[in-house]
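Letters A, B, C, D and E mark the chains in the order given here, with residues in each chain numbered from 1 onward.
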Amino acid sequence: MYYAAAAAIIVTMALALIRALLGPTVYDRVLAVNMFTTKTVLLVSLIAFLSGRPDFLDLALAYALINFVGVLAVLEFVQKKRRPRRLP
Amino acid sequence: MEVLGHYNYWVFAFLLTIGLYAVIAKPNLVKKLLGLSIFQAAVFLLYISMAKVEGGTAPIIQGGAGEQVYSNPLPHVLILTAIVVGISTVALGLAIVVRIREEYGTIEEDEIQAQDRDR
Amino acid sequence: MIIDAISLLMLGAGGFFVFMGGVGALRLPDLYTRMHAASLTDSLGTILTLGGIMLQSGWSLATVKLATILFFLLMTAPTSAYALANAALMSQGDDAPPAPEG
Amino acid sequence: MDMLFGFVLLTLLVVTAVAVVVTPNLFAAVMLMSIFSLLMAATFFLLDAADVALTEAAIGAGMSTVLFLSALGLIGAGERKRPVRQWLPLSVVGITTFTLLYATIDQPLLGDPAAPVHQHVAPWYLEQTPLLIDMANVVTAVLAAFRGYDTFGEVLVILTAGLGVLMVLAGGARDRPEPERRIGATGLRHHLIPRVVGQLLIPFIVLFGLYLQFHGDFSPGGGFQAGAIIAVGIVLHSLLEGESAGRAIVPPRVLVGLMIGGALLFGLVGVAGMVLGGNFFDYSVLGADPVGSQQLGIHLVEVGVGITVSGTLVAAFHAFADREPA
Amino acid sequence: MTLAQQLPALAVAVPLITAPLAAAAMVFHRRHVAWLVAATASIASLAIAIALAAGVDPVHGVSYEVGSWPAPYGIELRVTSFSALLLMIISGASALALLAGKASLDAEVTMQRRPYFYAAWLLAVGGMSGIVVSGDAFNIFVFMEVSSLATYILIAGGRDPRALTAVFKYLIMGTLGATFYLIGVGLIYMMTGTLNFADMEARIVDVANLKPILAAVGFITIGLALKAGVFPLHVWLPNAYAWSPHVVTTFIAACSTKVSLYVLLRFDFLVFHGSLAGHDLQFSGFLMPLAVLAILVASGVAIAEGHVKRLLAYSSVAQIGYIVLGASLLTANGLTAAIVHFFNHALAKGGMFLAVACIALRARSLRLDDLAGIGRLMPWTTAALVVAALSLIGIPGTAGFISKWYLVVAALDEGATGIALVAVVLLSSLMAVAYVWRIVEAAYFRPPAGPDLAVRDAPAPMLAVLWAVALANIWFGLRPGLPLELSRAAAAALMRQIQ
């Protein structure tokens, strides 16, 4: 069952990747990246468990944190592009 | 498995190719930097792949585990180092691209060259 | 034994939901429906998968770490989804789907 | 089974790389690049390189994406499509690929325990680290002690890049007086939910960074990863509260001080070895007990690395984020 | 450990640890201190380099174990005669350029940028020193990156926006070169399991003709040739030299490409040459034709070039060709010629670029047309330029003559090809006369452009250093002494695998 779950996660990663390739909007791509990271976290947790090295869970934690900051950075970027450049 | 035993190295070769192509052929400076990142990441893959040992685990020694096999720590150290080199180069490159964009109003190589000729 | 069964069931269900979310994100027609599919199944799939592993690993440091990861994901995933939807909505003002990037 | 996952991930990696190069929108390319880094990190993890995976995730997927995005904010995201001369690039690339594929013919297979890399030098590290340094994470031991001199060079690379970004972006055409420059950078202050959640998370992020810093001898982690994670935490604050608030908590001068201080700390530990009668970067003379001294040296050096990395990454982020688009 | 035993480490440690101090001038609002720190550290490095050069064992060199770890496990520093010579070139160029160039740098680098700039200068010195003393293949990569990144910063430090595009190109190509080198080292490591040069030399014999090693030879050679600006991989060089701050050009033209050439020679002769069958072919079939092309094509371009700095940059590409040509003869004399040319070219070209830096302080631009009559307006500066130029051409009695003489002697040992090579050397010397004449003609035989221009030479400190360099060109032409001895020892050490 572990491998089934892992396989499902990898397939989903591929699906998210396709969404990231297709777009068509900026937000679709961000959504895809977001999904992708969550799946990576799950995958890493599973593999860490399977290989009997729970100390590697730190890695999953790091991914989860970084993903969040990445999404916020994207939003800030989108905002910055939209904002009027200078005060009139 | 025998046939695919070199799969990592093939992927390394293709990634390197893709990155190198972007660096040489794309006129957009940011695209060049992205290509450079892929190019460097490919080399990371080469090193990390050679460190792998069948049935091994990461080189963090677990007490009393007896005959545990560990993967080779040295390439890991080298690549830790190289990753940092990668981001340093990219950061500096981006700063230069930003300044180029401010001075020239474009980040396409051919347009910049055209402007340079006029100076 | 029962715990094993529950854990396996959770992992299986988790994998299923994760996969459904992926299909939804790929196949649904516009951004908001895709986002809906992705974010809901993300949360459920995460809870089920990580919960399944937690049951297997019993009371240990691993479980604590897994719980922390779960906590983080449950905090951040909906927030990112909210922020994303918000930004998408603000970007065009009415409820038409955002225009493809130019 | 792990092998099979590896193949799938590697294939996805190739697809992503092609997509990065082909897509005409730079923003999309950067997004794909962050996926590329994550895939790379997952692959490293499968190949038993936990430390490297952590670094790639924190630096490649995290900070590098943030830097690219903040630079794109200044230069715009469009790439113009036009025909370019193709024969030269294609032939260079073709020769390179051919050489590399040719080289694989005699290479040992993946994971072959009889490969030369597993016979020489590396076994010595695995055997001697518990005796000479008594540290579980051999990667940390090699990084900071056996090849500590390399790592010193590395810290200097980061320092150089940081100074370079600051210098290149200092002055120049866009150097306007303070108040006028402040207008744009409000951050996400108007988004209540991200702001609350983000503020809640920042202490945890920094705590996690410190854990990686000081737990690096038992588990994956160390100065590079810790520095990057802490930098991510500080950058998150700037993203949420705006540039000026971000600069208020860690002023630019302090950041430069941190960059320099970390590198100096590292260098001076090395010089201390010389002064106390050993060689450059000989930690064993730092105290009475050689093994304990080695550990002391490693910890000091790792702290230096962490300080420089976090200082540099935050300073580079500010240098980009504080600018107005041209 | 005595101080003398610590010298190899100090050669690296002094510039690298003072570099953060120079940057600290920014934190403490003492920006003007940065130059002082950089100049002091450079002079200290020069002293260390001279001490090393005087004390080095010509046969085995000096070995130093960093961290006291034994050789293949830790990183080994190995100072040979060759590295001592290069250390002298690096720290000497740095010290002289800084001492001479304060006025010029003050004019080109804004106050705000100075702490970063001088820190980068020291990092470049330290990085290059780190490369030449290192005995570990990966360690060389790390220090190559330190010095390259620092060099990019130096080039971008001035005001000319064209430097930005030049430096971007350099950054891309330099990183490609370094990464190619890294691939080569990785492939060698894969087959031998070691990164230490001496160890590699011993272990590569068993696997010498396996395909990864052959590929590694290719990648390392191409990568380093890219960084060294060997024709036709020199495309980044002319603009990077031309648009950087003038004193920076003086410094990097004297040493930066030579450091990559040093690594190339060291790898080729010590690691590959003894063990790989048919490695000769790389020299006779690949590097020698490229060197000849470099000498002829680049000299030709230099004759047609209208900008003094670009002209001299193309001349540098041709001079790199001389070095490669000498090495590709695969004889002790040829290598001696190549290695002594490292030193002599640094003297001649460094002197010329320094003179150009002086001229740039007064002239409107550095296009040849704008330099009309500069010989009458700045007599002392232009005279020094001419002395250095004579050395570049290789007139007897100057330093440049020594290396050309050895090159011709080495070529004559080669029989028929040798005669052809001598012809190439003579032809290219004539071409050098032609492009130098264009500068002389503009400087002395055309009337000054404006009537109101007064005679104003460069500031005294610049002029003093400039003349010291110009006279050194004559001194080392009459008494080649130390550089020639070091070159002979270095050539003998490199040849030991062959004989």
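Keep in mind that, in the parts below, contacts are C-beta pairs under 8 Å (C-beta built on N, C-alpha and C of every residue); 3 or more make two chains touch, one makes a residue touch a chain.
If you're wondering where the values come from, they're calculated on a predicted model, not measured in any experiment.
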Smallest number of contact steps required from chain C to reach chain E = 2
Among the chains, which one keeps its Cα centre farthest from the Cα centre of chain C?
-> E
B-E compared against D-E, more contacting pairs = D-E
Would you mind checking which chain's C-alpha centre is most distant from the centre of chain A?
-> E
Expressed in whole Å, how far the mean CA point of chain A lies from that of chain B is 20
Taking each chain's mean CA coordinate, chain B and chain C are separated, in whole Å, by 30
Rounded to the nearest Å, the gap separating the Cα centres of chain A and chain C is 10
Residue list for chain A, restricted to those that touch at least two other chains = 6, 13-14, 23, 26, 30, 32, 51, 53, 55-56, 58, 61, 65, 68, 72, 75, 79
Flagged in chain E as touching 2+ other chains are 138, 142, 145, 149, 152-153, 156, 183, 189-190, 195
Where chain B touches two or more other chains simultaneously, the residues are 16, 20, 50, 57-58, 60, 74-75, 78, 81, 85, 88-89, 92, 96-97, 99, 103
Could you please write down every pair of chains that are in touch?
-> A-B, A-C, A-D, B-D, B-E, C-D, D-E
Flag every residue of chain E that touches chain B in the complex, lowest number first.
-> 138, 141-142, 145, 149, 152-153, 156, 161-162, 164-165, 167-168, 171-172, 175-176, 179, 182-183, 186, 189-190, 195
What residues on chain D touch chain C, complex-wise?
-> 25, 27-28, 77-78, 188, 191, 193-194, 197-198, 200-201, 204
Chain E-facing residues of chain B, complex | 16, 20, 23, 29, 32, 36, 39-40, 43, 46-47, 50, 74-75, 78, 81-82, 85, 88-89, 92-93, 96-97, 99-100, 103-104, 112-113, 116, 119
Over in the complex, which chain D residues touch chain A? Could you list them?
-> 1-2, 5, 8-9, 12, 15-16, 19, 23, 25, 27-28, 31-32, 34-35, 38-39, 41-42, 45-46, 50, 53-54, 57-58, 61-62, 65-66, 69-70, 72-73, 77, 180, 183-184, 187-188, 191, 194, 198, 201, 204-205, 208, 211-212, 218-221, 225, 229, 232, 235-236, 239-240, 324-325
Could you please specify the touching residues of chain B with respect to chain D in the complex?
-> 1-2, 4-22, 24-28, 30-31, 34-35, 37-38, 41, 44-45, 48-63, 69-81, 83-92, 94-99, 101-103, 105, 107-108, 110
